[in-house]
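Once you scroll down, you'll see the structures, which are given as structure tokens.
Look at the two complexes coming up: chain A is in both, with chain B in one and chain C in the other.
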Partner chain A sequence: MSSNRWLATGNYFTSYREEQRIFFTSLDRAVMGFFLLCLFVWPIFIDVDNKYMLVIDNILVAVIAVMGLNLVTGFAGLISIGHAAFVGIGAYTIASFSRVLGESHVLLTHAWPVMIIISGMVGAVFGAIVGLPALRLKHLYLAIATLSFQMIFQWTINFMDFFNQGQTISVGRVAWLTGTVSRDQHYIFWYYAILVFIVLTGFSVRNLLRTRYGRCLVAVRDNDRAADAMGMHPGFTKVYAFALAGFLAGVAGALNAYIYRGVGVESFTLHASITYLAMAIVGGLGTLHGSFWGPAAIKVLDLQVEKLAEWSATFLPANMNLATALKPLSFGLVIVLFLMFEPRGIANWWRIFRSYVKLWPFRY
Partner chain B sequence: MTQLIVSGVTLTFGGLHALSNVNITIEPGLITSIIGPNGAGKTSLLNCVSGFYHPTKGEIKYGDRRLTHASPHQVSSIGIARAFQNLELFRGLSVLDNLLLARHQKLRYNILQAIIYFGKASRVEAENRAYVEKVIDFMELELYRKKTVGNLSYGIQKRVEVARALTLAPKLLLLDEPMAGMNIEEKEDIVRFILDLKKEWDITIVLVEHDLGVVMDISDQVYVLDFGEVIGSGKPKEIASNPEVIKAYIGEE
Partner chain C sequence: MSYFFQLVVSGIVVGSIYALSALGFVLIYKSSRVLNIAHGQIIAVGAFITYALTVWANIPIFISLVFSMGITFFLAMSVERVFLRRLIGEPIISVIMVTIGLMSILDGLVYLTPFGSENFSFPEFLPTTPIGFGGVSISWTQMVGVIITIIMIAAFSWFFKKSTVGISMRAVSDDQLASMSIGISVPKVFGLAWAMAGLSAAAAGSIIGNITGLNFETLHAFGIVVFPVVILGGLDSILGAVVAGIIMGLIQQFASGYLDGNWGLNGTGGVAPYIILLVILLFKPHGLFGIHEIERV
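The block that comes next holds the complex of A and B.
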């Protein structure tokens, strides 16, 4: 054991296992634990409007989806512009069950964690199938292949009676130990549910990244020729990356279906795909915590723009809807600015901030 | 110990004969050098062995396994490792990560164990790390362990390249110009590593190299390629006095 387990100074490793820990010092672990605890207890002390709770829920769902996108695009270097379709696959898995069994079947309302995992698996299967072109295609060509999947998905949903031609398919209220979750508890209940899913998937991905199943993704991104010579099957690795992304997207989709208590195709369009990609870029491609920054930043930006538009309505003519104009504008502007000035995303700011705090009060 | 036998290998790209009817036998436990002027087909030959190219005709056998149509990851899994001529490192990663990566196939745990991490995966990873440390120690890379590979000097990167091949725990190591572009000291280091590898690690080495001084000093067996054909083979001394080889290297009067 190292001599000092709380500070980075005087903390040295005596075994390789210590070097591979997620948290190097007990302080790091304590801070993380405290942070997680705060995430779980704050709703008890602060009363949040349902409208804002929905935004928070949306952010958290997007975090899971973007974590998947980050694995395939950030870590494995395969651009995917069909990610919303994978999320949609997850949501429509729930919708299919709702269509076949009825919206309040016990499977949907009581076994919802199982349903969410099943949706993830269906997403993974579709991810693997869509990943198959990655055996042959690279870079932009692969991006187009994923785009075509997005198109196929939208067309299929829009033209199939089974999926109500893209109109909302409703999903029943879920039940918990205390009985059916009521209307005013709905969003806060799902906040906790998603939080649990995020903590589980977050730590799983973190663990994955420090084992061979995560390293092979980075190897294939950096140099797939060398990865091949080092004993990894590049094609298989790429398909596996898509399957992982599909799984997380599927989970996110199922959660989305449960939050809105319904599934409609408009949440899974090309625009949503691009939004996910933007979130990944703004957050920081190729970093795990980037998947948390990105969705938060984009959604908060959306909210602020809405507020600005509302405020401007007090002195602008009523027929001039500023929000519709400002939303795409601000969204596009943020992406362009990030690509130009901070391609490594908010994750990089976090890195700079951390090293600053670590060295404070010294400059270097 | 297993022999690598390349028999009658021909490799054509359209009308271009990169290799024609090449017969080479790599004896276990020796340092075999392949030399020849630029464009003679040395790297093509290594690519054939390591599975990046598949010969148009002929056969490559390692022991009793046919490698003719094997892909690179299959070749590496049976104990043949390859260091590239043009650096093919994972540039964004640290030296340590580059080496850890190379043990991909040797790590035996499944994806669920990886997600849980505690238990099997963490134990295997610690063993993996210990093995990598052995290689780092041998290649004298301790100083650079945590440095990003892309920022290191060329000589060190070349050394990392060799180290990464070593991490695969190969029985046969293919080195493609490991000393190209190095100064005399760095060359001496690499030569020392190669000799130690042969003696201490019992690794058979195939060396493609332009520095004839080095080749003649350390090789047990030399093959000379020119225009895709083997024009001479034998002990370094025999090669040095072979008129065909002299002709290929210095030209005719």
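The block that comes next holds the complex of A and C.
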């Protein structure tokens, strides 16, 4: 644990246990700890506008959702074009409680961590159900099956009175030890709440990938028949991957519901599913830290495009709305350019950067 | 009873449009194994080009349809050349995502034009009184649409059965390596498959535009609706696309004809194809006519 990995000339592992450690050196652990501390402390020193805090919250929620998508699509190799529906199921679990119990029931406002976990579990159940066709379907047929689920979900929400036909269902303000979280504290409060969830899920996913079950996912992605021959159970693994993805998506959905203090179907459409996929791809499929880069990149891009459109509105005729055109255009260009020139995503840049720093001042 | 037959007729009309939309989709998948999610956008662009040529350039509608088919032919071919040629051999997800990116780009480009925000409709060039027989009526536009669809599908079938290019396309879809070794240029065939898909998309778009009016949202929604159709028919079967198109059209019309308004249901026409699709996939994982791939470790 003590040797400095940055100075080492190679790997000198003598056991698998050693190779599978999360932190190779004490320095690594210290750096990670310091980084986490910074994440928790920075809002105290830097004052952020509520508008930008909302963007940060959004990015973090998307990180949780994309982590789930990365498990099912990146690690288990099952393309899911219905991830927003899982996120929606999490959000609508909260919404159903709000519909039945009233929007400011004690369960919703005081026991919100429990509610978020429950939403995750509901998401997991739906994930497992949607994953069932994966027992028989493969590749594109499975992708389309998840797309069907997305369509059925949208229809159900849009045409059921219980879900207010897709209109906003409001959720009450939550309470914390200090009392009800006020309006200007709302986003900063949820920043901390989501951060805790991200740290928890991030570490559990990282740990999962070290275990038998995590490596099973990768084996099934690479070749499910070979995995079957090695004694794994591909069918079970696929269903279980979908259930895990559903859980993370459900948590993300519940958080989304709490941040916006309401649930509406427009955040969980096919377009949102595609955006999640794009985030996973831009971040880097099959890497854990890719799930952090992707959402950040896409959301920041969105913000910049909006700014550009606002700026251009000052000299363009009023009937030309550049934002509606530029958003899909830039989004599409980013996806296509990444796939053509950097299919391994931003995670790969990070890898290149790390090896550059490690070897500096030498080239190799 | 005449209500039933009316539903059958409109189901066949809708279904034949689905079949024509799905045709281009299947062409691309069959030769190059690419799931083209941007197909709806190509359909919309084809329709808009036809409209622009007919109304803004005052060309007779059938000639502008031919022109528009020609333009989308080269448009789709260049799309393949620029975006998809470099991705041959990449994993499935990359290819799907490129077409998703393409979809977004085309969306953005269309929103830059007036077609993105306004609705247009084709000028009436056919008699407006519907043809009626025995209580069942069908409008002239629908009739002509069905006839064009039948002609197109027949032409495509002939093309694949008899012409040298069509046979080489079938060869490529069967075995790329073998067809390469007998001198077929595989990239050229890929480009041609996209071009033909673009051509059929323009025809489909113009027909839809004539029946429902030109609305970007409606038109590109066809790109999503074709999924249940092609999956039901099996991704790589042209016959499957036609049969499944008709089946899905009938299902949709029957669902919205008989279910909507009863038991508090609404808009079932949009969702019934997906439910039926899931049920069918449980029993036939490769669709009705799809080839069951043999996988080896």
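Heads up, the rule we're going with is that the second predicted complex is superposed on the first by the 346 of 364 C-alpha atoms of A that agree within 3 Å, B and C clash if a C-alpha of one lies under 4 Å from a C-alpha of the other, contacts with A are read in each partner's own complex, and residues count from 1 in each chain.
Basically, contacts are C-beta pairs under 8 Å (C-beta built on N, C-alpha and C of every residue); 3 or more make two chains touch, one makes a residue touch a chain.
Keep in mind that this is a model prediction, so the values were computed, not measured.
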item: Dominant contact partner of chain A by residue count, chain C or chain B; value: C
item: Which superposed partner A:Leu37 touches (first chain B, second chain C, both, neither); value: neither
item: Which superposed partner A:Arg210 touches (first chain B, second chain C, both, neither); value: first
item: Touched partner set for A:Ala229, first chain B, second chain C, both or neither; value: both
item: Which of chain B and chain C A:Gly332 touches, first, second, both or neither; value: second
item: Partner chain(s) touched by A:Ser15 [first = chain B, second = chain C, both, neither]; value: first
item: Touched partner set for A:Val100, first chain B, second chain C, both or neither; value: neither
item: Set intersection of chain A contacts, chain C complex versus chain B complex; value: 223, 225-226, 229
item: Complex contacts: residues of chain C adjacent to chain A; value: 35, 83, 86-87, 90, 92-94, 96-98, 100-109, 111-112, 116-117, 224, 227-228, 231, 235, 264-267, 270-271, 274-275, 277-278, 281-282, 285-287, 295-297
item: Touch list for chain B against partner chain A, complex; value: 50-52, 71-73, 75-77, 81-82, 84, 88-93, 97, 100-105, 107, 109, 111, 114-117, 121-122, 125-126, 129-130, 133, 164, 168
item: Residue numbers on chain A that touch chain B, as the complex places them; value: 15-17, 19-20, 204, 207-208, 210-216, 218-219, 222-223, 225-233
item: List of chain A residues in touch with chain C within their complex; value: 73, 79, 133, 136-141, 143-145, 147-149, 151-152, 155, 158-159, 161, 223, 225-226, 229, 270, 274, 277-278, 281, 285, 321, 324-336, 339-340, 343
